[in-house]
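Structures incoming, each one as structure tokens.
Consider the two complexes below, in which chain A is the common component and chain B and chain C are the respective partners.
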Partner chain A sequence: MPELIAPLAGNVWKVLVAVGDKVELDDEVIILEALKMETPIYCDDAGTITELKVTEGDAVEEGAVLAVIG
Partner chain B sequence: MSRKQTPLRPYFEKMPEIGKELRAGEVRRSQANVELVLEQEAIIAKEVVRVKNAGIPAEKIHQRGGMTIYDRLEYLVDEGSWNPLHTLYNPTENVEGCTGVVDGLGKIEGKWAVIIGFDNKVMAGAWIASQSENILMVTDLAKRLNIPLVWLTNCSGVKLTEQETVYAGRRSSGAPFYRHADLNHLGIPILNGIYGTNPAGGGYQGISPTILLAHDDANIAVGGAGIVGGMNPKGYIDEEAAQALIEGTKNFKGKAPGRVETHFDQTAYFREAHDTEEGVLDGIKDYMRMMPAYDPTMFRVAEPAEPKLAVEDLNMLLPANQKRPYDAVQILARLTDNSEFMEYRPDYGREVFTGIAKIDGFPVAFVGNQQGVFPGYPDYANGEYPGVGGKHYREGLIKQGEFVTLCGRDNLPIIWLQDTTGIDVGDLAEEAELLALGQSLVYSIEQTELSMMCVVLRKGTAAAHYIMCGPQANNNNAFTLGTPLTEIYVMHGETAAAASYARRLVKEDAAGNDLTPTLDKMNQMIQDYQDKSTPAYSAKKGFVDEIVSLTELRNYIKAFTCANYQNPKSITPVHQMLLPRIIKG
Partner chain C sequence: MFNILKELIYSSGVVSLTGGNLVMWLVAFVLLYLAIKKQYEPLLLLPIAFGILVVNLPLTFLMEPEHGLIWFFYHYGIEQDIIPPLIFLGLGAMIDFGPLIANPKTLLLGAGAQAGLYVTFFAAILFGFDLQEAGSIAIIGGADGPTTIYLTSKLAPHLLGATAVSAYAYMALVPIIQPPMMKLLTTDRERKIVMTKLRPVSKLQKICFPIVTGMTIMLVVPPAAPLISMLMLGNLFKESGVVERLTNAASNELMNIVTIFLGLSIGATMTATTFLNPKVLFIFFLGLFAFVISTAAGLLMAKFMNLFLKDKDKINPLIGAAGVSAVPMAARCVHKVGSEANRRNYLLMYAMGPNVAGVIGTVVAAAILLKNLG
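Here is the complex of A and B:
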């Protein structure tokens, strides 16, 4: 199942979806905040959010799985 | 059989394509960004209308049978070639709402010129505050681009109630006369279409250009006819003096001196006199046909071409949210011919891109900030922190200095695409010599004889705004553009508030005091920074020479490039250029 991966370490600033939401390619799913920048995480595939591994305010490391799309 | 081709065809005919089409999802999620860009454009457009309506209504001029400055420009300038500059410039916040002159880059009879005229709706073209600064920027531009300056003079002289703001000083309204002399000395012709009454300052404005063409109702003179009384020995005006003044004015029958019957028929200062306003403009067109200009074939390295990728995408690609990164190459791909770019040292100094592109078939250089995060970079940070786009590090500064120096050698005009938050700071950065390397870039720019233009795409911040050929590069920067998303300040308001109030917060906190008053001051400072860094404010204060919509940027880049190649002072034979060979390796 496709996973959304954190491209850099930072804090989860916004989670824009909930489990069960349908998403399309290039939809904005999560926004990370790091180094005074917002880094949006986009869907690489269309599908349904089956799992959210983070909540707003969480600190994540580079490479961490943020969400799973089924 | 004869055969012809463009020079160094293997390098320039087909360069690497950059950028990619936007996907449906990218277009969909960018619509909110487009709305924000258009919102800012609407603010600017409203300001432009306000400036165009400054002074008396255009209808009044039309009722008198005259043309406004905007009518004259429309008649004079080749259709679709006008690139206005300094439209909102009004740093002294004149009550007139402008500086009383209108200027820009445009083509007349197919040749580029810097064009400026007095707004005859505004006090009949009076000298008002900041006007001379505006004019000096324009004369500097003609000098930088080595193209003719065209004046539409209609100047009533000093606004006498505010003479102290215009008359005296190093860069006052007399300075343009010296600039005209300087341009003439350098072989840059100034054509002058003269309208209306031009006494004193207006007279020198009339006489100082190279070629003078007058309307039949125009005059230029050392002084006007309106000064009917001299110095009053009493030093003040009493009833008796007032009566004398009234009588003198009533009985004054003289005409304004320096009319066409004097300066065409007697002195022959005027090359031409025309009974219609259009006739004067036709005369300017005739002289423009005589101006030196190479056929573009002389310097083109390929056929002109529009970008392959849509210019309209720019409103989706450049994030209005200043904290959002983006792919700067996607921006560049919407500006260059065929969306092509030959990049110089792409693997070195990743925070900036440098390279050669074509604009309207002419070779030019681009330098700009990359955005995003660069893990493992810069080397000197030893992994303590990652590189961030928009900042400058050691390699990027060295690369820019090198590139600019080579551009100078190859005579490539440079277009800078700034979106910069500054130069890296801290002990590691100092040990990596960033202070000296920043100034080295300034030195490299100054050492060239190149024209450069600067676009502040979003942020122009800290010393990085200076070193990337900001308007402070007086000798090289032809003009600087802002966009609807431009912000220019020494540092972000939040950073400034923290720097200014952090110690006070510590003290108040330690004393157990309410932090609210300090926080209020900090937030006021942040708001103040926001208000004084907007696109409209930047244009009004002269931080930029014009705010241009993203979709119009290429027009200005084309104007800059083509004007540069119209009559260059120095030529590098294309087949002797080094940069394309260095890039190829």
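Here is the complex of A and C:
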């Protein structure tokens, strides 16, 4: 199953989707905050969010799985 | 009754006000507006503006040597060089050298972006500034407030207000000054370059970095010691992971406390007589020139490095602009411009490499100027 990976380390600022939501390629899924800057993370695949691995406020490392798209 | 009133008026500051004081009030109000309404570097601009305001109230003697309250802040904090190193202690406790350790060649970008300093040094001499003044003006190009204050207080204290304010102004104006230059000097294709993932950096490497780098720099350029030693100590606090309280104290409480005294003292150096001087305008102009040349040098240095790098290792030349030491404003700006070219381009951490290298580069440049001119 395709996974959405954090491209940089930061804190999860906003989660814009919920489990079960349909997402398209290039949809904004999560906004990370790093160095006081909001960085939107875009979907690499179309599908349905089957799992969210993070919630708002979590600290994530680069390469961490943010969500699973089925 | 009339005599008492007359006495009161003459002992008040009102009759001693000069036109220059009123102009400085205006400057203070503009800065207060920028700080409060526009939120440009409010942590510094607010105390600076207030310092300007109170020092331009006649007969308050706040900056009277050996007597005035703010003079003592200024004397012990800045003239005796206490505050800028303490700011560096806090900065060290906040910054992550990881991206620089992972990609050491970005050190070249931090060094390349200091070119503006040297160009401006000679430009300032052409404009009639003496060597010490030229050195203090040139350092503005690094866009590093504490280093600028440190160097100016040693070389040309009478210019302190002007160089400090312009250094902080250009730090705040990074998002306005840098993007047009980035777009001018790079192609769309270059801006789209996605960089290869940074290698992971171990905790041991992060602990060794401040010790080894600090010792090396201080052995080679000893005058850099006050700033570099504090920067590396702060970083060692952070990376050691065992003194979280000290890390927090250095980066939060202590940093905030000294920021108050720094801002107020800098503002208080700006009396009408020292600040309302055509030289000050030149300082702002030359400072901007230094900053622009430094940005361009960083970008061009990155493009030059790409000539020697294999396709898969090519760097995005935008990160060269982060070689000026405005941390993390310059890195943020790179990230933003990069994501406009390619929204899946996340350059922030890659840009932090040259950005932290820029801090070191500016301190070393300041130390070299100090050694030769001080």
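By our rule, the second predicted complex is superposed on the first by the 70 of 70 C-alpha atoms of A that agree within 3 Å, B and C clash if a C-alpha of one lies under 4 Å from a C-alpha of the other, contacts with A are read in each partner's own complex, and residues count from 1 in each chain.
Going forward, contacts are C-beta pairs under 8 Å (C-beta built on N, C-alpha and C of every residue); 3 or more make two chains touch, one makes a residue touch a chain.
Computed from a predicted structure; not experimentally measured.
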Is A:Gly70 in contact with chain B, with chain C, with both, or with neither (first, second, both, neither)?
neither
Chain B versus chain C as contact partner of A:Gly57, first or second or both or neither
neither
Given the touch rule stated above, what does A:Leu25 touch, chain B (first), chain C (second), both, or neither?
first
Per-residue contact with chain A, leading partner among chain C and chain B:
B
Using the superposition on chain A described above, determine whether A:Ala34 touches chain B (first), chain C (second), both, or neither.
both
Which positions of chain A sit in both the chain B and the chain C interface?
7-8, 26, 34-37, 39-40, 42, 62
Going by the contact rule at the top, pick out the chain C residues touching chain A in the complex.
197-198, 328, 331-332, 335-336, 339, 343-344, 346, 348-349, 352
Considering the complex alone, what residue numbers of chain B touch chain A?
23-26, 28-29, 321, 323-325, 373, 375, 386, 388
Within their complex, chain A touches chain C through residues 7-9, 26, 34-37, 39-40, 42, 62-63
In the complex, the residues of chain A that touch chain B are 7-8, 24-28, 34-40, 42-43, 62
